[in-house]
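The structures considered in this document are given below.
Below are two complexes that have chain A in common, paired first with chain B and then with chain C.
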Partner chain A sequence: MRNTAFFSMRNLRLAMLSAGALVFLAPYIWMISTAAKSREEIFSSSLTLLPQHWALWENLAKALTRVPMGQLLWNGLVVCGLIFFFQVVIAIPCAYAMAKLKFRAARTMMTLVMLGLLIPIHATALPIYVALNKAGMLNSYFALSAPFFISVFGIFLFLQFFRAMPDDLIAAARLDGMSELAIVNRVIVPNAWPAVTAFAIFSVVAHWNDLFWPLIVITGSERATPPLGLLFFRAAEAGDDYGALMAATLIITLPLVAAFLLAQRRFIEGITLTGLKG
Partner chain B sequence: MSAFALRNISKSYGTNSILNDVSIEAEDGEFIALVGPSGCGKSTLLRIAAGLDHGDAGSIWMGGREITAEHPADRNVAMVFQSYALYPHLTAEQNIAVPLAMRTLSTLQRMPLLGRFVAGRSTAQAAIKQQVLATATSLKIDHLLDRKPGQMSGGQRQRVALARALVRQPGVFLMDEPLSNLDANLRVHTRAEIVDLHRRTGVPTIYVTHDQSEALSMADRVAVMMGGKVLQFASPADIYDDPRHVEVAKFVGSPRINIIDAVTADNGAVFFSGKAVVDGVTGPAGTPVQLGIRPERIRLRPQGAKGIAAIVTRLEFLGSEVLVTTQADGAGDGIVIKAAPADVSHLGAGSPVALQIDADACLVFGQDGLRVPLRATARIAVDA
Partner chain C sequence: MHETAIANLLPADRTTARQAAIRAAKREERVAWQLAAPAILLIIVLILLPTLAVFVFSLTNYELGYDDFQFIGLDNYIELFGDRTFLISLKNTAVYTAIVTPFSVFIGLGVALLIESETRGRAFFRTVYFLPVASLLVAMATVFQYLLHPTIGPVNAMLSMLGIAGPNWLGSSSTVLTSLAIIGIWQSVGFNMVLFLAGLTAIPRELYAAAEVDGAKGSWERFRLVTWPMLGPTTLFVTTISVINAVKVFETVKTLTEGGPNKASEVLLWTIYQEGFVYLRVGYASAMTVIFLAFLIVLMLVQYRVLDRRVHYT
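Then we have the complex of A and B:
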């Protein structure tokens, strides 16, 4: 009887979760809906979720032709790729050293990492901007990505993950004749996929969506990242054409959604398959 | 000159002294067991031997060459860890091949993609593959070669770990409780296999265990370690029959040795339950001592026979033998005797008996725990 009761705990929980999910999804759903409406319908007084006249293709076509969408997506890809690559290349050896090697500065470094976690980009934005400007490197991929190469958050996340790796595994690798670099490459990294995937989600989402930093160091649409491109689009081209704007938004969020759905699977597999215990 | 030697190793963490002047050596082809209770510093000593950790004092020697400062990879030691420490992302075959690949392939040859084009790689790899297969076959794990550690049982993982250590010819073989994660049946079986394997390879071995029966049954020599010190380093028979320290006597042997508190009398006689059981103890009269007697060295006699009067309090039937617990005057927790089932079939709880003890079964220890030597004239004193 308990299982079928309408007001059972299970149903109640489900209802609450669904309501919560709906609240978070609502803007996204509304964006999709708007992207499929014509301009007249958007400004009409009737509020409907499903458009009366489908204008999705026209809006998409406008979004694709009026801004260099391909260039924007490519810029986003390059910047996120560069940032993620360097973050991992720097954070993994650093976290390995702090988690598994004994050296005198370990405590100090730990404190510095904690402090680093507390400092937001906004505090360092101005000096970095001035430096990039002096070096004549504004409006470049380097300006977009370099300030993020060292990720204290990444170091912290990997540090926690590596601490849980058995010391014996590293001892065995040393006896087998591996150098510390080989240990990182051959033992740590192949077993750190769950952490790398988790970090990839944080890093890519944050930098794909970032508007603050590109707005500071980029002026033209040549090196603009997708969110900055959208801003230019709204200011210059679209005016009050919200259908086209939402269609453009849809295009730039789609890669992230797709990537997340794919990574989610890998992420869960990663956790269950490594079998690091025992 | 021994094949492998640890000399006067000391180690402390902060103010906590873990190892205190420990010396152990293994001759060529010798199997050494390092035994002691949990937490006495066995793993720490083994890690120092392997170069994974460094002692505060002391030196390490291999075949007459000092290797104290050498990097683990240069020492040519192989180690089997209690947790096996197999690489989770590699198959059994790849796991076993790692020590060979790291030593025989050059850095260039090991590169994931580039390595394919470097001269000599395929021949070297074929040789490795063959060696891995030979080792796996000798350990009967050749059918597991393409499985990952996550897909193997504890016993199978243990064998792969052994194979990884065995696949090259190390100068010394270190094993840290390799059987403690196996179930009891498999443990006894694998014991014999490890000893066999040792005979075949002849590599000097230091085998760490907390199980005294494992140490006694496998090793050529046993080092008993307690509180960071080696209390005795001798053959299994000497450890058992001629312990140098009361803690060694208590740690080795099952059931445990009977320990009776006593005081020496004139001419060094030791009295138990009002009767002198041994004499010839050196030192002044009135010295408190501990008398140790192994359970199988006491014989049960009918009441009234020569010996110490006692009452049976408990009988434990173990199949081939019976453990008889008896209570005698001045014996504290009781005296345990190991007897043949036929000899005690008529006894029950409460039966009065006499305990006959030979003087040569008596081990006398001083207050400091060290064995007290007996004068050459020591003789049987129980005749009352």
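Then we have the complex of A and C:
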């Protein structure tokens, strides 16, 4: 008796999880299905998932030709790359100094970092925009990336990680006559690799997906990032050619989703790093 | 430098050693400053000064394009609380947050509990529920626009099969916030689920055994007596993060509704964006930003307070 009840309980759980999963996957399923349908078929609003007449290539071709898709993806890559490079190069030495050196300002720095964690880009956007505007630097990779060169969260994360590193490692390197900068480069960074990858994913996902800041500093499609480009595309298509629109969303969503599926564990670690913020 | 070192050689080795140590410490301090300097500079330039500037701007009538501006005291703030759009915006943000937070927290918890207790397909389900977090929200919002389309959208097509006339989800002022909230929930459940999964694995197994000894037989009893109290800090944390993220809703509003119809989806960041970056009323938008920032700070303080009082077993 108990056994059968146990099994039905298990199956109920599985059924609930599966039903939920279907709801969560539905947008992706419809995105792919609609990207493969012709305009007429979409407007007939039938509930079939498989198109009667395949129009996937036409829709993809529309998405690729009416919007400089390659340029968008490249812009996204450049901006995320610049941001990540500067964040790491600036945060790691600082975190090392705070964690491992006799640094009297470390406590004050910690207060600064905690304060910085409270303040999102939405709060600092206006003055930074005014300054970039005055300097005539809007519509550039610099405008897109510079406000994020400092990641107080990065400092916080690396600080936690470095504190757990054994001091002997650093003492040994010092005895070998290494300078502090060389220690950071050749001892700390190689040992901090898990933290660096997790932070990389956190940073890239955040900035690849960001719409708020690019929307503010970019006006043309020349320097637009993928989310912004998608907005431009929607405006140009007047939003009613859903086949082409879904093809465009498919192309733009694919890079990160593919990366996520390939390196799930790292991704989940990286993105939920925000979870450490408190 | 050299002479003092020699002079100190005689009295005792201790003093030389101490001096060397002081010198080393000084050198280390200098190196530390050098390593931290770029970070300190950028924190000041990109975070502290702009935050300060927002406060100063909020006391002026500064508009981009006009170079002269006057300090007008608290006039912007006084204007804000008579501004219908801003008040609607505050109300909508509150309503949106009040819908999204409980649903995304409890669905996240529910999914985490189910995944934790179900051995089959664990990795698969975790991936599926987390997928929206890793997806481009602007793109997925576009998909939702199609799904919720009043005439050609699959959602209303399914509803009509059941004999229900579906609403104009994103186009009617009575349903637009709910529709945006559904997207918000869909997008954030996976994130909360992962945090809850981490919290669940941290609960010691012995506690469940102990609860069973004490007579907690059913799974509901075990949840009520062990899981829920032990998850306290995680739940609090997930709730705070969810509230903060909900207050920051912007992407879906910009992509799908632009605050409409008839200001029914006007939310805080959208209003700030419009005033500051479209109408270029920097002073006025700064005052709104100060209020937005005040909300965030209060939320964080509440979290710290509650954490301080409640969590002693970490």
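Details
One rule holds in what follows: the second predicted complex is superposed on the first by the 230 of 278 C-alpha atoms of A that agree within 3 Å, B and C clash if a C-alpha of one lies under 4 Å from a C-alpha of the other, contacts with A are read in each partner's own complex, and residues count from 1 in each chain.
The rule is short, and it goes like this: a contact is a pair of C-beta atoms (placed from the backbone, for glycine too) under 8 Å apart; a residue touches a chain by one contact, two chains touch by 3 or more.
All values derive from a computational prediction rather than experimental measurement.
By the touch criterion defined above, A:A61 reaches neither chain B nor chain C. Once the two complexes are overlaid on the shared chain, A:I90 sits against chain C while remaining clear of chain B.
Of the two partner chains placed around the shared chain by superposition, neither chain B nor chain C is touched by A:A15.
Annotation for chain A, partner touching more residues between chain B and chain C: C. Of the two partner chains placed by superposition, only chain C is touched by A:L245; chain B is not. In the superposition on chain A, A:L230 contacts chain C only, with no contact to chain B.
Shared-chain residue A:M109: touches chain C; no touch with chain B. Looking at chain A, you'll find residues 274-275, 278 touch chain B in one structure and chain C in the other.
Chain contact summary for the complex, chain A toward chain B: residues 166, 168-169, 171-178, 182, 186-187, 190-191, 273-276, 278.
In the complex of the two chains, the chain C residues touching chain A come out as 25, 28-29, 31-33, 35-36, 38-40, 42-43, 46-51, 53-54, 57, 64, 111, 114-115, 117-118, 120-121, 123-140, 142-147, 149, 151-154, 157-158, 161, 186, 189-191, 194-195, 198, 237, 240-241, 248, 250-251, 254-255, 269, 272-273, 276-277, 282, 285-286, 289, 292-293, 296-297, 300, 303, 307. Taken together, the chain B residues at the contact with chain A in this complex read 47, 50-52, 72-73, 77-79, 81-83, 85-89, 98-99, 102-103, 148-150, 154, 164.
Contact residues of chain A toward chain C in the complex are 10, 13-14, 16-17, 20-21, 24-28, 30-31, 34, 42-43, 45-47, 90-91, 93-94, 96-98, 101-106, 109, 112-113, 115-116, 118-120, 122-130, 133, 146-147, 149-150, 152, 155, 180-181, 184, 205, 208-209, 211-212, 215-216, 226-227, 230-231, 234, 239, 242, 245-246, 248-249, 252-253, 256-257, 260-261, 264, 267-268, 271-272, 274-275, 277-278.
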